[in-house]
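Here come two complexes built around chain A, the first alongside chain B, the second alongside chain C.
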Partner chain A sequence: MILKRILNAIFLSLGISTVVFLLLRILPSVSFADLYLSPRLSDETIARIKSSYGLDKPVLIQFFVWVKEIAMGNFGFSFIYRKPVIECIFDAFLSTLIIGLPALIYSFGLGIVVGVQLARKKGKAVDKFVSVFLLILYSIPTFWVGIVFILIFSYALGFFPSSGLRSFNFNEMSFVEKIFDLFWHIFLPSFTLGIAPMSAVARFVRSHTLKVLSQTYVKMAKAKGLEERLIFYRHVLPNALLPVVTLFGLYLPVFLAGSVVVEQIFSIPGLGKLAIDSIFKRDYPLTVGITLFVSFIVIFGNLISDILYTIFDPRIRLE
Partner chain B sequence: MIARKKIFWVSIFVVFYLVLADLIAPFDPIMSLDRENLSSLPPLTRVYEINLKDGGKVIAFDYVKQGEFVYYTQKFSRGRVKLEDLKNVRSLLFVFGTDNLGRDVLSRTIYGGKISLLVGIIASFIALFVGLIVGVFAGYFGGIIDKVLMRITDVFLAFPKLFLVLVVVSLSSGQTIFSLILILGLLSWMGIARFTRAEFLKLKNMEFVLALEAIGFPDLKIALRHILPNAILPSLVNMPLLIGDLILTESILSFIGFGVQPPTPTWGSMISEAEKSLLSTWWLPIPPGILISATVLIMNWASEIEE
Partner chain C sequence: MRVNQILFFLILSLLLTLGCRKEIKRNYIVIGSTIDIDSFNPYLSTSLFTQDILDRVYLRLAVEHEDYRTFTPLLAKRWEWSKDSLQITFYLRNDVYWSDGVKTTAYDVEYSFKAAISPELAWLNAEDIVRNIEDVKALNETTLVVKYRYVYPYQVMDINDVWIVPRHIYEKIPFSEWRKNGFFDHNPVTNGPYKVARWERGQLIELVKNERYFDKNYPKIERVFVKIVPNESNLTLQFLNGEIDVLPSVSPSVADKYGGDKNLKFVKYPHLAYEYIGWNQKNPIFADKKVRQALSYGINVDEIINVILKGNAVRSTSPFPSIFWAHNEKLKPYPYDIQRAKKLLYEAGWRDSDGDGILDKVIDGRKVDFKFTLITNAENQTRKEVAVAIQNDLLKLGVKMEIQLYEFNTFMRHILDRNFDAVLSGWRIATKPDLSSLFHTEAIKSGHNIVSYSNPYFDKLNDSAAVLNNLASAKKIWDEIQEILYEDQPYTFLYEPVRINGISKRIKIETVKMNSISFLFNLHEWELR
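Take a look at the complex of A and B:
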């Protein structure tokens, strides 16, 4: 089963590489070499530049070279930064993780707690009110939340900084102050990033817990005379929370997409900001490299959560 | 309410909005009446438009009639006109204030909503069209066609959508609203294709299909005339959700700067413009943000299936 999953993931990665390759070939404005060509260049020079990018070879060969480059972990060479794409990505990805991980942890933690409690109080006023509130949270665009937070907490109240990851005097601080400073800076962006996934997780956990609650084995436990709390926490909850593992894979793209706008608003030098900058600067290898990298992360995340799911839940044996 | 009823009311509302948007907007959303005097006014500012008999007009914050003159104050200056030249004075109220180019935020919000909604709706219908074609082929013919089509669907699903849209938008030369709509639509058909395929697999083995096959109806006719109407419902119920999602995506794209280009306002591009002068004009991002949230909320609500 797991082997099949892995093969599937490899196939998907190949498919994605193909699509990106085709996009670069098909879309009108792009052929690598045309981009930086001045009209004064002689035909000879153009031919030389094209061959240095490997563009004079047949398309099929180009495709295999492309796949080989990716497989070797070499996503290309950035025009602007003058270093391998993977190195640019690595620095930026750290910043993305710094705001992404706290958001991931709090959104899943809080989401699970809220969802479970709502399921316990199904039909009561609290449940109805909070459910509507969660739906509203889910519908608010992340970038707007970020802007409103900056307006309120940075400009009006002055509690948190509005941009960056470090204070200007970061280098003079002691270690403890540095950590505090970092947390102070990532609070708003992480909070912003986690809101939509948090409400999605809470809504999912609520509905799934209710589904489990309605199963016959719960009735059986009740009929047996077990205490309500015991049934809920010992018998219902473990089953209800299993599929949350798959949610992790499902919401990885949401986090990555959210980080694009959050990084843009809070000026954090992360992957999303790098992607947007690369697009504005027409640094194609970087843009494409980031897209591939992000897709691979998503595929990998899905693979991991699928495998975890099969391990945790013996009932699921994937076909 | 059941989903069909909700969707009915939501579509009525949307159609009314699209038709009436131009009529409700009190001011021109793209050209300012007076760019210098009206720029960056806070919400609920009242100004006066002094119309002269020769057709000229003056925008003033306050005016007094005194003797044979009308004295008025403007943002940076004062002046007067002769009472005999005066035709009338109109009072203008900017409920949500104006932006830094002197355009009324309320009008821009109303008009921008029309663009945002249109982008979402047209793109979602493109997605519906493509998704149905893929779903019908995969579901009805099965076998190798099904396998290939579903693999392609998987590949497109594996892309984080925003990144894919960003790459395609940035790589395609010449951004117009239409190319944006086309790209958004062509990159969001996967969900519908899967729904339709699943329904087809369910319906394909039912007796009425068997009967039609026995009578000797051609495959395509059975698929399109008889199974499709039954299989389309889950996709239709899901349409508002898709529209809401596309409106969000469009607003994110416009916010980043790859969506609809100025001066045409959309909610996303309005917030994007507002972000540049957040300290001085804090009121700019509020109305479009609330309206995006409300629209997406309504769309989510319409698609939500009651437990």
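Take a look at the complex of A and C:
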């Protein structure tokens, strides 16, 4: 079953990349548009440059070449970086992980804690206040949050650097200093990236916990005279947190999408920034490669959360 | 509670110590940029910013000065012209070394010329070189002979445009592979005042003093970082904050707002660029010269300059910017004159016959409203604001203009396909006067004559001026050519933007020269306070 799902994932991401591949070439735009800024450039030179990248061939031929290369495990060569697409993606993905993992951990950790606490204090002033606050956090756009954070924590207070992953003198640092430097740099971007998912998780956990709290077995336990804390932590929480596992799979694309914005603002050389650059420079092999990679990750993430679900909840089976 | 308090103070003190870091005195400077360079292989670069950086690490034969006519020795100590002027012999310095210790010789230049003209490489600036230079030959390590196909005014300029790259490194890869090989971007070997210590793509470039540089007095500042921050607001904040010392291309509003800051200075200078509206003459509305003149009279460019650009621009009158030697200074910008504009439109047959406030005219038996769409690229905030101002101005004439913004690559597609009514854009001009690619009839089909302008008299004059060797007599023809364009208004020439660069007063301003050739023109001479 799992094998079938993985195969499905591979074919689905190939399908998505095919669509992107064809769309990129069909849409009205110019590759190497920068070149045309020079009015003295002749058509022959432009044609020569394009042919050196294989762009002079008909779209369909380019497509078959691409399919053949993919089948042999070759993801092509980036025009702008002049190295294999796969290398570009892995380097960038590492940076995205450095930002994304802490964001993932804190948004789910904090989100769960806040959500559970709100559910316990349902109807009280703190619940109402925090719920509205969470809604606001969820609604404001990430790029705005990022700029405001830079303004406060970097520009006004000077606590954190506002861009990059490392200090200039990173190479001269000791190992401990390097770790310290890295955390110092990723704090703001990770924090920004995690805010919207955190509030979403908190709101989700709150409503699910409330749902479970209202179920008859909880009332039964209360009637039986079980201690409130015991009911909550042993009987309510495990059931309430189960759907968070699915949320994990659903939120992977949210993090990847968020990283596009966050990486651009904080100048992180990650996948999001790479995607933007490749699209604006019409670096077709890179754009298609990133699409393939990201769609695979997303589909795979969903698969993993489905598998986790079956482990946590024996009633559910993968079909 | 106590645990919480301790934790709180712990975090606070941690934050405070971290916050103090940037107070450390620095012996380096940081140049900010929203974009990275394309490559350390100069033949693969397309952006001007790349050129700005590469000119600090690679030496040319000579230093080109701001008038684009004066050249002073650099790699070449001196040069001699042959009697018939068809040949220049360059005598190279004997004490220039590549950063790996190999000597820079005339053979490097000879090889670089081969690269420059190689069709497999298809270098962007190859055309003039191929057309004008017959051969480059190294006689020995320090003597270089350049043979030209004919005598023309830009002989030194053309050979000086050839980037000199280390032959012993570059010849490892055939020309046809250059565009697809990342080889040149690892540990580039250079010979300028700086060498490349580090290049982390999209993040930073570190330039350090080249100990082998022939002039031991330079560079004064031994370490220079280029920090890449794609988000403009973030970049500007870092400049205001002191994290970045040099900020190229500041927007007029930022310069206006922070001009009074005692730690910063904004350096302004004109450069070889202008902004225009191109009227596509394939659209019958714009085929009549009177209409184009009327539109030029009807746009209040002075107000655009004062309000949107905060005064950081001068009026443009011709395709040669006012600092360029070929510019015709007798031309006065079209004044803002609604009455004259209305009169011209009336003469061209445009009336408001149906009283809807929009002019109309019968063209080919059909009543046509004076409506069109202006396109521009979405990335340029200033252009967006200028477009709106123009929209308002034209409405007062009874002309309805829509604005359409396109992402840059799509914008280019529309321009190349001539698929637009009017376009708001700009040119940065080459250092030689030549208008054939923009306005010559032959450039309608394949060149950059995007407005499909055609005037046989212009064509004739342009062809004769471009090859004239005597610059003084050429100037006379260029003046006449500009008068023709001024009369015909294929473009409405709007303004020549002033380039504004921010610089921290940590750097001794009196040592800094920024000009239209480069904002880092004499980086090696800059000094810290």
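What we mean here is this: the second predicted complex is superposed on the first by the 250 of 319 C-alpha atoms of A that agree within 3 Å, B and C clash if a C-alpha of one lies under 4 Å from a C-alpha of the other, contacts with A are read in each partner's own complex, and residues count from 1 in each chain.
Rule of thumb we're sticking to: a residue touches a chain if its C-beta (ideal position, glycine included) is under 8 Å from a C-beta of that chain, and two chains touch if they have at least 3 such contacts.
For clarity, every value in this text was computed on a predicted model and none was experimentally measured.
Asks: Please work out whether A:Y138 is in contact with chain B alone, chain C alone, both, or neither, and reply first, second, both or neither.
Replies: It touches chain B, and chain C stays clear.
Asks: Could you say whether A:Y81 touches chain B, chain C, both of them, or neither, answering first, second, both or neither?
Replies: So A:Y81 only meets chain C here.
Asks: In the overlaid three-chain picture, which partner chain does A:I150 touch, first (chain B) or second (chain C), both, or neither?
Replies: So A:I150 meets both chain B and chain C here.
Asks: Looking at the overlay, does A:R48 come into contact with chain B only (first), chain C only (second), both, or neither?
Replies: Once the two structures are laid over each other on A, A:R48 reaches chain C alone.
Asks: For A:W184, select first, second, both or neither according to whether it touches chain B, chain C, the two together, or no partner.
Replies: Second partner only.
Asks: For A:I265, is the partner it touches chain B (first), chain C (second), both, or none of the two (neither)?
Replies: Touch partners of A:I265: chain B and chain C.
Asks: Tell me which partner A:F160 touches in the superposition: chain B (first), chain C (second), both or neither.
Replies: second
Asks: Could you list which residues of chain A make contact with chain B in one structure and with chain C in the other?
Replies: 27-30, 147, 150-151, 155, 264-265, 280
Asks: Across the complex, what residues on chain A touch chain C?
Replies: Per the touch definition, chain A meets chain C at residues 27-43, 45, 48-49, 52-53, 77, 80-83, 147, 150-151, 154-155, 157-166, 168, 171, 184, 264-267, 269, 273, 277, 280, 282.
Asks: Show which residues of chain C lie in contact with chain A when the two form their complex.
Replies: 15-16, 18-20, 22, 28, 30, 38-39, 44, 46-47, 119-120, 122-128, 176, 179-182, 185, 198, 200-204, 206, 225, 227-231, 233-234, 237-238, 240-241, 243, 407-417, 427-428, 430, 434, 437-438, 446-448
Asks: Using the touch rule from the top, collect the residues of chain B that touch chain A in their complex.
Replies: Where chain B meets chain A, its residues are 151-152, 154-156, 158-164, 166-168, 170-174, 244, 248, 251-252, 255-258, 271, 274-275, 278-279, 282, 285-286, 289, 292-294, 296-297, 300-301, 304, 307.
Asks: List the residues on chain A that touch chain B in their complex, please.
Replies: 11-12, 15-16, 18-20, 23-24, 27-30, 135-136, 138-141, 143-144, 147-148, 150-151, 155, 207, 210, 252-253, 256-257, 260-261, 264-265, 275-276, 279-280, 284, 287-288, 290-291, 294-295, 298-299, 302
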